[in-house]
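To start, the structure under review is shown below, and the notes come after it.
Every chain is named by a letter (A, B, C and D) in the order it is written, and numbering of its residues begins at 1.
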Amino acid sequence: MRKIAVLTGGGDCPGLNAVIRAVAKSAHQYGLEVLGIRDGFRGAVEGDFMPLTLKEVSGILPRGGTILGTTNRDNPFAYETIVNGTAQILDRSGDVIRNLKDHDVDALLVIGGDGSLNIALKFANLGLNVIGIPKTIDNDLMATDQTFGFQTAVDTATEALDRLHTTAESHHRVMVLEVMGRYAGWIALYAGVAGGADVILIPEIPYTLNRVAQAIQKRAKQGKKFSIIVVAEGAKPRGGEIVVERLVSGRFDPIKLGGIGAKIGNDLEEQYGLETRVTVLGHLQRGGSPNSYDRVLSSRYGVAAVDAALEEEFGIMVALRGRDIVRVPLNKAVDKLKQVLLIDPLLIAARNLGLEMGD
Amino acid sequence: MRKIAVLTGGGDCPGLNAVIRAVAKSAHQYGLEVLGIRDGFRGAVEGDFMPLTLKEVSGILPRGGTILGTTNRDNPFAYETIVNGTAQILDRSGDVIRNLKDHDVDALLVIGGDGSLNIALKFANLGLNVIGIPKTIDNDLMATDQTFGFQTAVDTATEALDRLHTTAESHHRVMVLEVMGRYAGWIALYAGVAGGADVILIPEIPYTLNRVAQAIQKRAKQGKKFSIIVVAEGAKPRGGEIVVERLVSGRFDPIKLGGIGAKIGNDLEEQYGLETRVTVLGHLQRGGSPNSYDRVLSSRYGVAAVDAALEEEFGIMVALRGRDIVRVPLNKAVDKLKQVLLIDPLLIAARNLGLEMGD
Amino acid sequence: MRKIAVLTGGGDCPGLNAVIRAVAKSAHQYGLEVLGIRDGFRGAVEGDFMPLTLKEVSGILPRGGTILGTTNRDNPFAYETIVNGTAQILDRSGDVIRNLKDHDVDALLVIGGDGSLNIALKFANLGLNVIGIPKTIDNDLMATDQTFGFQTAVDTATEALDRLHTTAESHHRVMVLEVMGRYAGWIALYAGVAGGADVILIPEIPYTLNRVAQAIQKRAKQGKKFSIIVVAEGAKPRGGEIVVERLVSGRFDPIKLGGIGAKIGNDLEEQYGLETRVTVLGHLQRGGSPNSYDRVLSSRYGVAAVDAALEEEFGIMVALRGRDIVRVPLNKAVDKLKQVLLIDPLLIAARNLGLEMGD
Amino acid sequence: MRKIAVLTGGGDCPGLNAVIRAVAKSAHQYGLEVLGIRDGFRGAVEGDFMPLTLKEVSGILPRGGTILGTTNRDNPFAYETIVNGTAQILDRSGDVIRNLKDHDVDALLVIGGDGSLNIALKFANLGLNVIGIPKTIDNDLMATDQTFGFQTAVDTATEALDRLHTTAESHHRVMVLEVMGRYAGWIALYAGVAGGADVILIPEIPYTLNRVAQAIQKRAKQGKKFSIIVVAEGAKPRGGEIVVERLVSGRFDPIKLGGIGAKIGNDLEEQYGLETRVTVLGHLQRGGSPNSYDRVLSSRYGVAAVDAALEEEFGIMVALRGRDIVRVPLNKAVDKLKQVLLIDPLLIAARNLGLEMGD
């Protein structure tokens, strides 16, 4: 083990730079050389590498984003390539393997979510020495107790709820905050409890609008003339598909234009006459400096990945279990979504606090 | 002068509580009694008053919102009133005057923007002892150098730009941030400079999309594969009306659903193939704790309003001029919008920094 | 179970109000009445109680401190009492029991650290229905994985390190930050890793100054002309007592004088000629709004304590184990300090990142 | 005008990087080349220069500190130089002039406070093309309405006061916060008003301890069992020298020992029996990201300095007057300290709010 390479794939997430720095610093302690690969698997296909010495990672710990760049598209096994002036989808995995070999890379560290780790698994199956580091801001990976970036996103959403509270209270309004969480409602659940929301709506529990309205009206009767709803972007009404008209020709983008948050706000106004305002937190959850929790977790992941490389244990992902960083097989790491269960202790605690979950 | 009353009108704004506290504390120093009026002019019409002693204002300085409540609708001169089961619009100004008299109120302090101060002026013309305190988060009042809440909104927008920067850079994207400013682009201009934006679009300067795209493409040529655009909600393309389809039946709400930010993002993708993401900051700008600048300014306004009451100078608004708080006639205070001029020193500085203004 | 009482004891800690609110809200869900006891055990001795309905706890979730007040002195079993004009130390535990009985309190919830929980245990042994909720900002209680307030303190210390970094780098200086941790170095360890410190000194590992100086000098050789040291207040040099007298002869420096942080700064200047500045974070770590992590944890503790009361399980403390809140016997809860072990995974990770621990 | 050089001198201050960036970006717009000089006048004497293109200043706007480095010692007119193994103090101003000439520098921009600007003035008198940019975190320069970094320091101190409030209130204590301000009390005055302090002590108004104690006791009588004192490091008791020796006999308290803050805390405990805790904010005020206000002001100073260079107006300092950046002669810029006058409008407002100033 003399040289490792590292790439970041998928959406931006607070802590990526902290992982990269930990990889470089820890590798330096052991005399390993580190290469950075630019823009995720794009750089791996096209051989776009850069050295990662202590100098490159100096000062990046508190910074959001990734100094390596990232994309949430490029897949070497189906890679858009211009051939004779025409775009074709080709299997370019061979280029990746050749590029790594040409640079004498002994192990590849992939920091990514579901998509990137599945690609990593394919390369592992092709014999590449791959180590995964889990990154999903939604915290919806079953194989690890927690992914980095999640706690920072919860902080951001909680701070937004604090701000909305004062406006809601001053104006006697309903305020809706839409947060991330396409398939899992962790950010909504944690931020909802931390931000003192009155209603939390998550993908795992289809909501009935009437329940939401009743909770708001019950508060009004108790003299609380405002309410706060936090809703995960993937929340859905019970028994009904959400029909959001194609607002933007081309592709649908929930961050951009009226997703579920807007629908709920609109429905509460039209069906229940409740004055409502909607805020979509969107990309503000992805950017910014990681909080101390995520910096520690990210640093530990980076150190643990280098440890695994040194011990030549490949085809694995590092994961948090209790207070320990463990190794789990890559194929087990990516096959299961971690959703909020009805018996989740925080969900039960939320109900005991009187929060309405819409069911 | 023995008793004064104070109300907050119009949209929520950081610093409202700081003004209320300063009024109460300063009045206490002079032995004046203070009443708070609930929910702006609604409470004035309906006689919904509360005592404002040191106890009520204890601890409210750092808090957003207003402990008195506010509305941005109710106008005593055209007040929706249920008569025999039917809603009618009546002139209820007489009720306001009677309620104040019944409570032995010697002077009324109105903390509000354009709308509330115009109502205050009408009451002043009817002989009421009125003192105005300027509140517009957009900072678009000609009569005062600065309104409270503005600097905090700029902080919030700047922090959002900091967050978007890391994502923009990591993903090589264009990020658009839509901020408040219906008629004046002050928040966009200040936050754009403070947040290191590349393009600033404001209502005062109709934009040409091609100029925006060129600025982005020029950066890309210099190796900067990302760009940040900050746009005021009231910005408009040159020579064209914005046609935003009625996304939500009922009424149009730019905060809720795809205003000018969404249009720009969409246009840049469709017409120039630039990958773009849009964030609408919305109500996050109104809530939250006022920063130190706004707490000081708010406190000074509150003290100055009580001073004016003690000196029995009415029909005026307190205003900031340089380092001094001065008094301006209410009729002059509300008749002019302060927009960004082409010769504004900060606008010129922004251009010298290489920022594109879209013209 | 019809009525419970709650008190907060010991030093201020972010999250106290969040626990109190959760107790009140959760109790309300179950129809329990809640009384608050003012200023810890002082109020219990003197019968200083207040109602805790939803109204009292409204809006307190994000606020630091405790609305109930606290002291870190008063012990009912040895309580300073003025008898005939003379101060005497009396056993007033009987007053506590009588006051609770007079108010028909069925269970007493004690939110506190080592000291308060020991008192709680004594009352449990006297037959009182007592439930403990662990509070130590140092996170040094063996019986629980984490105490609330700790993560916020780490955030505060990390943010301070971020600030000191820029000054250290600009001035090519050594900056020392002294943080809390009298017997356990958890805050220093976590904040040191999160804040990118170069040296971490904790009570568990007596330090050798020469090791510290060497680490700084090694960095200087690598072109890093600044270093950051984070030191827990309870850190000690190897094999020696700390003797603090006049630390700086010659000129007066208010930053420098003080505890172990000042000693280290002084020693590095005098013995190694390293320009050093010292900051003592002190009470800034205790105050302020709890972060989202601590708000969730505090809320869960509050809910769990009410659950235990409802199930009439007394003489226990609620504790975090993995993702669950469990109950541990009070006598086991307070008998052991949780220190940083040499095999602690974060300590090992810190070393792998190249951090100097002074040993 | 083809090439300019820029250096930063004196103590670290939020906004230095923002000025440097604005100089580089604005110069780039006009086709000027920019050199950075490392570590203030040290680099000028020793010819330690670096290029400052758009690349070097990319991303530095939000960062504290200065990428150029700084010292608060080196004076080219009396520069410690090793000659034949012995340290001598020599006039090295000739080296500075020669180095600038060798690099074809047409104008030198000096970002600094009193000390650096006095050196700049001497060089201007020797015929060098010098332009000053004012930097004092204390805001005590008469020639400019405001210096950059000040508002950020006030934010930091205000946030500290917010934190101390919750502890003070929970523990019924007096909390003292010592902030910067050796000769002028601006930070203490602004932060004291913004943070809701009860007592503000500044160098301009020697304090009488009895007045301070009375203010605290008066609050206690009104049921406010805590008080907050903010004190500038240069504050002094009336008619007496401060003698700081062993301030606390008996037990050792690292928080307590120190400068004027510690003295006040100690005196209040010993002479009035008031339980008091002291926090010294120290270097935390200098570091960290500049707030939006300071980023805008810094950027404007940088642009204005380049403007002056282009118009070949030298021997001046750029300064804020109202909303404009003006030019003032360097000799007028540095000759007067701006202290808080007894007729300062904010000081008067503070008194009207009931704040005790110690006189």
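Heads up, the rule we're going with is that contacts are C-beta pairs under 8 Å (C-beta built on N, C-alpha and C of every residue); 3 or more make two chains touch, one makes a residue touch a chain.
Chain identities (UniProt): A, B, C, D = ATP-dependent 6-phosphofructokinase.
None of these values were measured; they are calculated from a predicted model.
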{"item": "Identity of the chain that, by mean CA position, is farthest from chain A", "value": "D"}
{"item": "Chain D against chain C, contact positions shared by both copies (same if over half, else different)", "value": "same"}
{"item": "Averaged-CA centre spacing for the pair chain D and chain C, given as whole angstrom", "value": "33"}
{"item": "Chain centre separation in whole Å, for chain D relative to chain A (CA means)", "value": "41"}
{"item": "Junction residues of chain C - those touching two or more other chains", "value": "162, 165, 169"}
{"item": "Set of all touching chain pairs, with the criterion as stated earlier", "value": "A-B, A-C, B-D, C-D"}
{"item": "Interfacial residue positions of chain B with respect to chain D in the complex", "value": "22, 25-26, 28-29, 54, 58-59, 61-62, 145, 151, 154-155, 157-158, 162, 165, 169, 190-191, 193-196, 222, 224, 289, 291-293, 295-296, 299-300, 303-304, 306-307, 322-325, 345-346, 349, 352-354"}
{"item": "Residues of chain D that touch chain C when the two form their complex", "value": "8, 11-12, 16, 39, 63-66, 69-72, 159-160, 162-167, 169-172, 175, 178, 233, 244-246, 252, 254-255, 257-262, 277, 279-280, 282-284, 286-288"}
